[in-house]
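Shared chain: chain A. Partners: chain B in the first complex, chain C in the second.
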Partner chain A sequence: DIISTVEFNHTGELLATGDKGGRVVIFQREPESKNAPHSQGEYDVYSTFQSHEPEFDYLKSLEIEEKINKIKWLPQQNAAHSLLSTNDKTIKLWKITERDKRPEGYNLKDEEGKLKDLSTVTSLQPMDLMVEVSPRRIFANGHTYHINSISVNSDCETYMSADDLRINLWHLAITDRSFNIVDIKPANMEDLTEVITASEFHPHHCNLFVYSSSKGSLRLCDMRAAALCDKHSKLFEEPEDPSNRSFFSEIISSVSDVKFSHSGRYMLTRDYLTVKVWDLNMEARPIETYQVHDYLRSKLCSLYESDCIFDKFECAWNGSDSVIMTGAYNNFFRMFDRNTKRDVTLEASRESSKPRAVLKPRRVCVGGKRRRDDISVDSLDFTKKILHTAWHPAENIIAIAATNNLYIFQDKVNSDMH
Partner chain B sequence: MRKRNLRMSLREQEGGHHRSDSEQQANGAPRRAGFQPIVARDWPPGRSRVAPGQTQRPGESEPDSYPALVGRNAAGLLEVVVETLAAEDMGGLKRKHSDLEEEEEDEKWDWTPAGLRSYQQALLRISLEKVQRSLGPKAPSLRRHVLIHNTLQQLQAAIRLAPAPALPPEPLFLGEDDFSLSTTIGSILRELDTSMGEMESPPNPVASPSPQNEMMPPADPVFLEALSSRYLGDSGLDDFFLDIDTSAVEKDSALPPPEPPRSLFCAPGSWEWNELDHIMEIILGS
Partner chain C sequence: MLSKGLKRKREEEEKEEALSVDSWWLDQSHPAVAQTPPTVASSSLFDLSVLKLHHSLRQSEPDLRHLVLVVNTLRRIQASMEPTATLPPVPMPPTAPSVADSLLASSDAGLSASMASLLEDLNHIEDLNQVPQPQADEGPPGRSIGGVSPNLGALDLLGPATGCLLDDGLEGLFEDIDTSMYDSELWLPASEGLKPGPENGPAKEETPELDEAELDYLMDVLVGTQALERPPGPGR
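For the complex of A and B:
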């Protein structure tokens, strides 16, 4: 089955993945221990459960896919872990608990037949660890269109869900109503030219959120300004480069993912060919633009024909906001160091993931001098796309979803962020 | 500008060709730094499927492919053995060598008016095929539809501006009066909207095609009906609903109640689907 989302929790101890079959698999990092030094830093399967099932809407004769579009962890507030998972229509809150003790002892009399002291009849005995998962809330019927994002607010009480045309605000404890905060549906659907592609709450300011559009713009909204945030507080848009104009300019400008930096000062966006860093204080243009695979610019027509131009790649910050990462084709993924301006292309594949081997940088050659291990643009495999990637919040550990394979890479030498 | 960026990144790669990037940052440390695999899993990782509410021991459902650790190497780095399992065959979808792809290369492309027109026509054909193909049992992607629609509008505008070629093009593109693309696609968007469940009270005059009209000319309403019939079943029944006041059912709140059934009367995709094939054949002049 195809992995459709990857997300570390806030400590990086847990890694949740969702797939096209509606399943969620949670991995847990093994703690370092002297008894088993070899398992240092390994991620083992912690829990697997079926989050969503396929549904059929009989009224509209449409299938509702069970594919998990997004998973977001709630900040941990007690011994249990909680996460939100969503498909196209329904969001669910799951609670994950551990059980390592069980009550034992029910006999009121001991072996000799004497009545026991009642307080000693039952006691908690240790048992093998059991992980229990249960659905705590089901947030249904909030969206007519397909949900593309969910984001938990820093107030830890509310979260938002965004579909193509609307964004709703929910309270985590209330499932029978939600508050619509953005609605870009035109009165006449024939006039529809723009949809919402992604949205996220600011990591620190509980009143701010951003949403991106298919036309390449970002809108920062302040919920204190109005109940319905149709009017943005800030509009981030880069003027089009007239020399690069083509019939596909709009499609490749469509933002597929937006992520606030951990500091809250910047935003990272991914469109078809680039990743861009935006400063919240500057709306006119991004402060940094990185080319992911500019060699595809001359192939846009065939990528349009094959539908690859509609692929939605995600992007990620590292914990210190100094490196950004995004996926590409041929199971390649790219990292850009914002400080040194160096970038690297790496590959997630069985062949390149040999033991003892550090990932070797890959190169796509566009003609001209071709070195031994280079890949030419024409031999790129466009079915091998890395759409979903995640970076550990504190360490140099990354999770890469390559279609139906999950890779976790770690930089053991430089395990701390800098 | 583009070329310069590419050269820059190539130079970066050259510099780090023999060593990884992070090792350079470590100022010549003897260890080989960089990202190493610690886990690689095929999907799904567990054999058993755990229903919600049930318990599962962590690690219990791991298959035998769990990486076995070999031991530390001299540098103190952990080694991981990754058991390779064959990845799912994706069907070997390689890039199609369509005519368009060859024509795309800058050196070979002939940007004469005729060449440009043929390029635009090819894009139009591809876009229409996409619209037709997107009708299926699964709800369509609105983002994809909107992007294709906007591209079609640009193409339409470009074709209008371009001078008419000497040779008559395919019948499909003969004059915009016969075949109003933007109206068609716009109508499809509207039909999409109604199929998604929103009840719009004001019916657009263009929205009411003559449902009983199966004749070819004008191509517009029939094409519209054929394409949209997949959603509404028999779109002819739309007329029955136009008179009904749907304002009571209109909902702006975030929790819309289920809308009244519209497609309960017809079996979707019966004669309409065959009709669509027939119409598309005629339009595309195959």
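For the complex of A and C:
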């Protein structure tokens, strides 16, 4: 099925994917062993479960899709792992536990009625590892519109969920109540001109969160300032470039993803053609802008016609916040090194990469001189889009979702973060 | 008249090529473009946007982001097609449709009015669904949503037979709902319990006073009874 979200847990040991059919598949990294050097640190399937089912709203004759929009891991607090998964309307908390022992020998008497030796009664015997997943909480009926983001707070007690017009704050242990902290729904729906596209809590400050809009702005909100955070603390917005104005300016400025850096000092945003790095201390404009596929700028009309212009790409930081990554079309994904200012285009496809082979950088040529392996803009496959990517929190391992295939790439040469 | 002639000319010239020459206004090497930002859109771009808007609104639950972006783009195009620069680019003031009337085809003005009233209806639907259902305590900070089932949904307000947008307000909402269920002998007010029988007198009179809880109960019951026996109702 088509993968709709990818997320590493906080240690990188586990990788969760959600798909359009409501399933969650969790991969676990195998511990490195000397016996099989080739399978050092590779990911194998750990658990699969059905998170959401299609639902039917009888009152409005509407089907609620089971597609998993987002998965977020909770920080691990005991032997069990927990994650939140959400579809358009309902968020669920899942607990993942392991069982590798089972009690045996309950009876005090054996078959002939003689008392068993007490030292043999009820012992824990090893068994094949069993991974058990159970739903612990179901957070329903909190959203009128479609949920696009969830984010766990650094306090590990609360989390937020955002739909097109509202953001709610939940307590992880309480399902029948949530607090509305942002509401941009206008009094008259005919005045609606902007929607919320993504939101995230600050990684360290439990009172701060950011949300992005379809008009390309970011709003940083402080929950200490007011119960209802309709008034932002900071507004990050870049003025429109007059030389690049077109009828599609607003659509391509719509932010599809926002991510805080691990340091908490910066934010990364993705709009249709660029990724931008923002400094929390500067609202006027981003400090860095990287062109993902500027060759599409002259094709905006046909991309509008095909609806491709509405595609929502995600973005990711590496563990040290020195490299950023995002997906593109033709199963290409791009990485930008913020320090060296170098960038690379790679492809995630079976044809172009054999297992454990080194990926070859790709190039899109816009006209003029064309090298042998270049792809021309007109032969790009716009149905092959890499919307969902994730980067291991500490190592150079990335997970790329290409439609219904998951690719995991490791940088064996440069395992350490720079 | 001048604008009509202009429009016709553009259509003839650019109808075939509108999409392939989409870069003409962005081509920086074109001297005219470098100085003047695009002010006039081809009418085919406008038609495309209108088509998208229609398509978006026809979904049972339209993607709000897509809808808002298309509407805003359409407004930009509409604004650029007006020769008078004084018109605000973020329109939908009440006078805009009448001004637009003289310049654009009448269907566009109807579109504007329908769009406005449609979005207004979205407002009404949600207010309707948020009739208070207190299932949780009101928390002191913020606004508690509790167990309310606020589903906007049902944005498909198009009448089944008509192809155009709905503009007759709230009444149009209920055109699609099969009210024969409410009138059938199987339905009784919740207080009297449920038993089939020819007691549809009180049912008919009480239909307008259904509140949210009774509606939910009713739907549960109907789905249950429908599964058990399929009454031959007039129209489905």
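Everything that follows uses one rule, which is that the second predicted complex is superposed on the first by the 404 of 418 C-alpha atoms of A that agree within 3 Å, B and C clash if a C-alpha of one lies under 4 Å from a C-alpha of the other, contacts with A are read in each partner's own complex, and residues count from 1 in each chain.
Here is the rule we go by: a residue touches a chain if its C-beta (ideal position, glycine included) is under 8 Å from a C-beta of that chain, and two chains touch if they have at least 3 such contacts.
Just so it is clear, the structure is predicted and the values come from calculations on it, not from any experiment.
Superimposing the complexes on chain A yields a three-chain arrangement in which chain B and chain C clash.
Look at A:Arg350: by the touch rule set out above, it reaches chain B but stays clear of chain C. Of the two partner chains, chain C is the only one touched by A:Ala227; chain B is not. In the superposed model, A:Arg245 makes contact with chain C only, not with chain B. When the two complexes are overlaid on their common chain A, residue A:Leu59 makes contact with chain B and with chain C alike.
When both complexes are overlaid on chain A, the residue A:Phe310 reaches chain B and chain C alike. In the superposition on chain A, A:Asp378 makes contact with chain B only, while chain C stays out of contact range. Ranked by how many residues of chain A each touches, chain B and chain C are led by B.
Look at A:Thr197: by the touch rule set out above, it reaches both chain B and chain C. Shared contact residues on chain A (touching chain B in one structure, chain C in the other): 59-63, 141-142, 144-146, 164-165, 168, 176-180, 188-190, 192-195, 197, 214, 243-244, 247-248, 250-251, 254, 297-299, 301-302, 304-305, 307, 310.
On the side of chain B, the complex with chain A involves touching residues 1-2, 5-6, 9-10, 12-13, 16-17, 20-23, 25-26, 29, 31-46, 48-59, 61-62, 66-67, 69-73, 77-82, 84, 87-88, 90-91, 93-96, 98, 100-101, 104-106, 123, 126, 130, 137-139, 141-144, 146-147, 149-151, 154-155, 158, 186-187, 189-190, 192-193, 195-198, 200, 204, 206, 231, 233, 252-256, 258-259, 261-264, 268. By the touch criterion stated above, chain A contacts chain C in their complex at residues 57-63, 89, 141-146, 164-165, 168-169, 176-181, 183, 187-195, 197, 214, 227-228, 242-248, 250-251, 254, 297-302, 304-305, 307, 310. Contact residues on chain C toward chain A in their complex (touch as defined above): 18-20, 22-23, 25-28, 34, 37-38, 41, 45, 48, 52, 60-61, 63-66, 68-69, 71-73, 76-77, 80, 90, 92, 115-117, 119-123, 126, 129, 135-137, 139, 141-154, 176, 215-216, 219, 223. The touching residues of chain A, counted against chain B in their complex, run 1-3, 19, 21, 23, 25, 27-28, 37-51, 59-65, 88, 94, 99, 128-135, 141-142, 144-146, 164-166, 168, 176-180, 185, 188-190, 192-195, 197, 214, 243-244, 247-248, 250-251, 254, 291, 294-295, 297-299, 301-302, 304-307, 310, 337, 340, 342-346, 350, 353-361, 363, 366, 371, 378, 380-384, 396-398, 403-414.
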